[in-house]
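Each structure below appears as structure tokens.
What follows is a pair of complexes built around chain A, which joins chain B in one and chain C in the other.
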Partner chain A sequence: MSAYLVSMGTFVGFFMILALALNLQWGITGMVNFGIAGFYALGAYTSGLLSAKLGVPVGLAIPAACLAGLVMGAAVALLSVRLREDFLAIVTLGVGEVIRLIVLNEDQITEGPRGLRIEARPFGEMIGPDLYPLFYLGLVAACVLLTYAVCEAIRRAPMGRTLRAIREDDVVAEVLGKNVLLHRVQIFAVGGFFMGLAGALYAHYVQNISPEVFMPVVAMFIWMSVIVGGAGNNRGILLGAGAVMVFLEGTRFVGDFTDALDAEKMSALRIIAIGLLLIVTLRLRPRGLLPERKFKAPSD
Partner chain B sequence: MSPLLEARGMSRSFGGVQAVRDMSLDVERGTITGLIGPNGAGKSTLFNLLSGVIRADAGEVRLKGQDITRLAPWRRARLGLIRTFQLAREFQRMTVLENLMLAPQAQLGERFWPIFLRPGAVRAQEAEVYRRACEVMEIATLTHLRDDYAGDLSGGQKKLLELARTLMIDCDLILLDEPGAGVNPALMNTLTEMIRRLNREHGKTFLIVEHDMDMIAQLCDPVVVMTQGSLLTKGSFDELRRHPEVIEAYLGRVADA
Partner chain C sequence: MSLQMIVNALVNAALIAPPAMAFSLLFGILRFPNFAIGGYITVGAFAAFTLNVPLGLPLPLAAAGAMAVTALVVWGAHVLVFRPMEGQSAITLLVVSIAVTLILENVIRLFYSADVRGFDIPLQRPWKVFGAHITPEQVEIIGWSLAIGVMLHLLLAHTRIGRAMRAVADNPMLAAIRGVNAGRVTAFTTAICGALFGLTGVFAGLDLVIEPLVGWNLTIPIFAAAILGGIGSPYGAILGALLVGLAEEATILVLPSTYKIAVGFVIIAVLLLVRPQGLFGTAEIKK
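After this line comes the complex of A and B, so read on.
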């Protein structure tokens, strides 16, 4: 049971990093990203391929995955930034699928649906197999904290104020002298960086990645985390990611208490439970469990 | 000395409609220049062309002698040209104080690396911006609304906030698009007074589109009249009031005898 909790905690960590990144892009800056699964896959395969096929040490492969996410984020933002918000949504969704389909079909490189086996793990030789899951949970937790610290610093800084202004009305921000294009590209890149990080951490954790993990439904779970937790509030995001994961996983155990549901019905039930969570939250707390906080003036 | 703002031969059409046609306009430094004309005369389009929100089909804009025709709106703002909108467009889910603190240009803490590498300098600048915002709120009589979301203000208060925001910026020229629209008479006086103060005490130059002729009469000299996308005439308000073509543009042609 405790092994299960450790593993679940690790997965919550991946969710938290992805959700914090989405909150930066959408919750604070107002840029829609439906391609989260693609960025996640890009990070996982960049780090995975570099270490499994080219023998690059993990300590370099993971930063390379972050960099790939950064570059991809900047590129997507630059390509679509002049489009209206709904077009950005379509473009990101498309990019996510393109990445997944490349991974699926370029199987000489990626192993495609057979799955890519990754032996290398951070500090894999130094830590015994008994302790390793616990160590990895700590590593992921540290990465969550780092992501949180960066996102929170941006939110609190004058930059966060400008980003929220862009979210509220980009034309007014622009005529007030804010370089809207630069800020959007920057934030999409930073978000991409962390999504790449989450992907790399995932890859070296499960050690066997295949394209079907990176379906667009991953993006939906992350979106729900942000909406349920409270867009614009980084603490809310952590809570939201936790809540969505508990719902996703918790529904597994319902099957243990009743014979009426077979595995197939159970997996359908889980999606229903998530939908229900979303509806109830939006009815009771339309701005999420922890809504964006009002700006408090520095004490005089 | 060249005028603060010079627009030459500005044209812009939307589909088959020529909204602005070969329009030229000067705004002299230190003036409050009025821009009037009947609905559909192209005043708002001209504002959009001057601030760069839309691109001109033809023509040239110069600010302080520098050609800004092809510059993005934010670059024009950095050079000292700020505008407001006809319907006050506030950052709704940001407080009055934040709306003001947002405005100063090129803040250190708006850049990525200084947030992490020079937090002390960012904080010091932020304290300075805060102090300035408090002064401006005092001038604009907005202090009691400091922590209210801008979206919750009345129409007139939003106009006031928009004007106050320009005070946070080191700008030379402020384009006001119907500052008086939907503002109650009491607040109208505050607003008029504030524009006059900004002009006299802070040396700001204004170009104002307004339908309220009392406001134009009180504040503006000279007044530029536009009709059907082009310049009709220019002069003091008193001259224009008796100008037959201006009267005709507003009231329509009297049936020929």
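After this line comes the complex of A and C, so read on.
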């Protein structure tokens, strides 16, 4: 039971990093990214392949995964220059799917559906197997705090106001002399960086990654976290990611109390519950559980 | 490119053209890319299956029933979910529409499990035309798809409600000022589109298989066709469907068939970058 809670906490951490990164891109800057699963996969496979196939130490492989997410983010942001946001949604979803298909089909390199086995773990040889899950939870928590601190710093900085201006009306921001394109590319790249980090942390935690984990539905869960929590509010995002994860994982316990439902039916019910959570939250609190506070003095 | 590939492309196009037109019509009124269409198509396929196999109705009757059920579901989703969220951004509504698809798909999984099913129809030998195989069901799909194109054209161009639909899509406020009852037009549009998604579910069940993901797998080709044709232009959607069908078949010549799903995305990405308004759409002026 406590092992289960530790593992669930670790997964909540991955979700929180992804959701904070998406909030930076969409909640604060208004750039749509439905390719989260692709960025997550990119991070996981960059770090996993580097350490499993090339023997690169974890201390270098994880930063490399972040860097891959950064570059990918900048590249996708350059696509957004000409696109309306609803179309960008479809294009980014496509980017994510193409990454998954490449991982699935180029199995000489990625091991495809067989799954890539990753032995290396951060500080794996220094910490005993009993304490390791707890240590990893701490490591992930530290990464969540780091991501939160960076996102919060960006939000509060003068740059944060520029980003919100771009979100509300990019033409006005441009007229006021802000370099809209540069800001967009920077923020999308930073978001990609953290998504890559989440992917790498995931890969070294489960130690066996395969493409079916990175289905577009992951992007959906992260989007729901951001919308339920309150787009634009980093604290709301942490709450939203926690709520979605509790719905997703916590409902597993319900299965322990009743034999009426098999695993297939339980997993169907879980996803129905998540969908209803989103719709009910939006009906009752249209701006999310912790809405973004507007028109706050800069001394905040 | 062999004749067989052209036949396959035609069948694909016939399958995605009606829902692409329906998607285009819905977009005109609701103004966000509605991912719920995947769930609607799945509902259509399973409604027809239930009427046809356990209840033993002949397929044409089951298809009509499926269209009615799906129209009801689409209208219900509009009233319960989308209409109360009118003030939300297009992207929030898009996420909600994916949630609607997830809910519908999983309600179906709950009752039918994820097994692959088919309709209760006699297995027929495919016909051979100049060396290309085509099944009688595929010919029927192509015929119905053409008929639907003509009927939608007549509806939009020559009836009162069709003119009202175009007016609301073009400029809702002006339409309201001129006395068009937007609520009634929207209800009518959702019902028509629902019937088309239901029928697509039936066709997908005939040509592919009946499983909970059948609608989701068609969603991206449908979007690609609608965007290619220019969103809001139902006739463009037909041509878009043809181009998507051909492109999917042509990819198999150069790439392993497992990459086929990516074709729709690549078409969308390239087209949007080169000509954001679609082949036949008119450029939207941003105010």
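Observations, loosely collected:
The rule we apply is simple: the second predicted complex is superposed on the first by the 296 of 300 C-alpha atoms of A that agree within 3 Å, B and C clash if a C-alpha of one lies under 4 Å from a C-alpha of the other, contacts with A are read in each partner's own complex, and residues count from 1 in each chain.
Keep in mind that, in the parts below, contacts are C-beta pairs under 8 Å (C-beta built on N, C-alpha and C of every residue); 3 or more make two chains touch, one makes a residue touch a chain.
Every value quoted in this text rests on a predicted model; they were computed, and no experiment measured them.
Annotation: superposed three-chain arrangement on chain A; chain B versus chain C shows no clash, the two fitting side by side. With both structures placed on the common chain, the touch criterion links A:R283 to chain C but leaves chain B unconnected.
In the superposition on chain A, contact of A:G94 is made with chain C only, not with chain B.
When the two complexes are overlaid on their common chain A, residue A:G55 makes contact with neither chain B nor chain C. Contacts of A:P129 after superposition on the shared chain: neither chain B nor chain C is touched. Chain B and chain C, viewed from the C-alpha centre of chain A in the overlaid structures, lie at an angle of 80 degrees when rounded to the nearest 10. Of all Cα pairs spanning chain B and chain C in the superposition, the closest are 9 Å apart. 171 are the residues of chain A that lie in the contact sets of both chain B and chain C, per the superposition on chain A.
Chain A contributes residues 150, 153-154, 157-159, 161-162, 164-165, 168-169, 171-181, 183, 186, 190, 292, 294-298, 300 to its touches with chain B in the complex. Residues 51-53, 72-74, 76-78, 82-83, 85, 89-95, 97-98, 101-103, 105-112, 115-116, 122, 125-127, 129-130, 134, 146-147, 149, 165, 169 of chain B are the ones that touch chain A when the two sit in their complex. Of all residues in chain C, those touching chain A in their complex are 32-33, 81, 84-85, 87-88, 90-92, 94-96, 98-100, 102-103, 105-107, 109-110, 113-114, 220, 223, 227, 256, 258-259, 261-262, 264-266, 268-269, 272-273, 276, 286.
Chain A meets chain C in the complex at residues 26, 32, 79, 82-87, 89-91, 93-95, 97-98, 101, 104-105, 171, 217, 220, 223-224, 227, 264-265, 268-269, 271-272, 274-276, 278-279, 282-283, 286.
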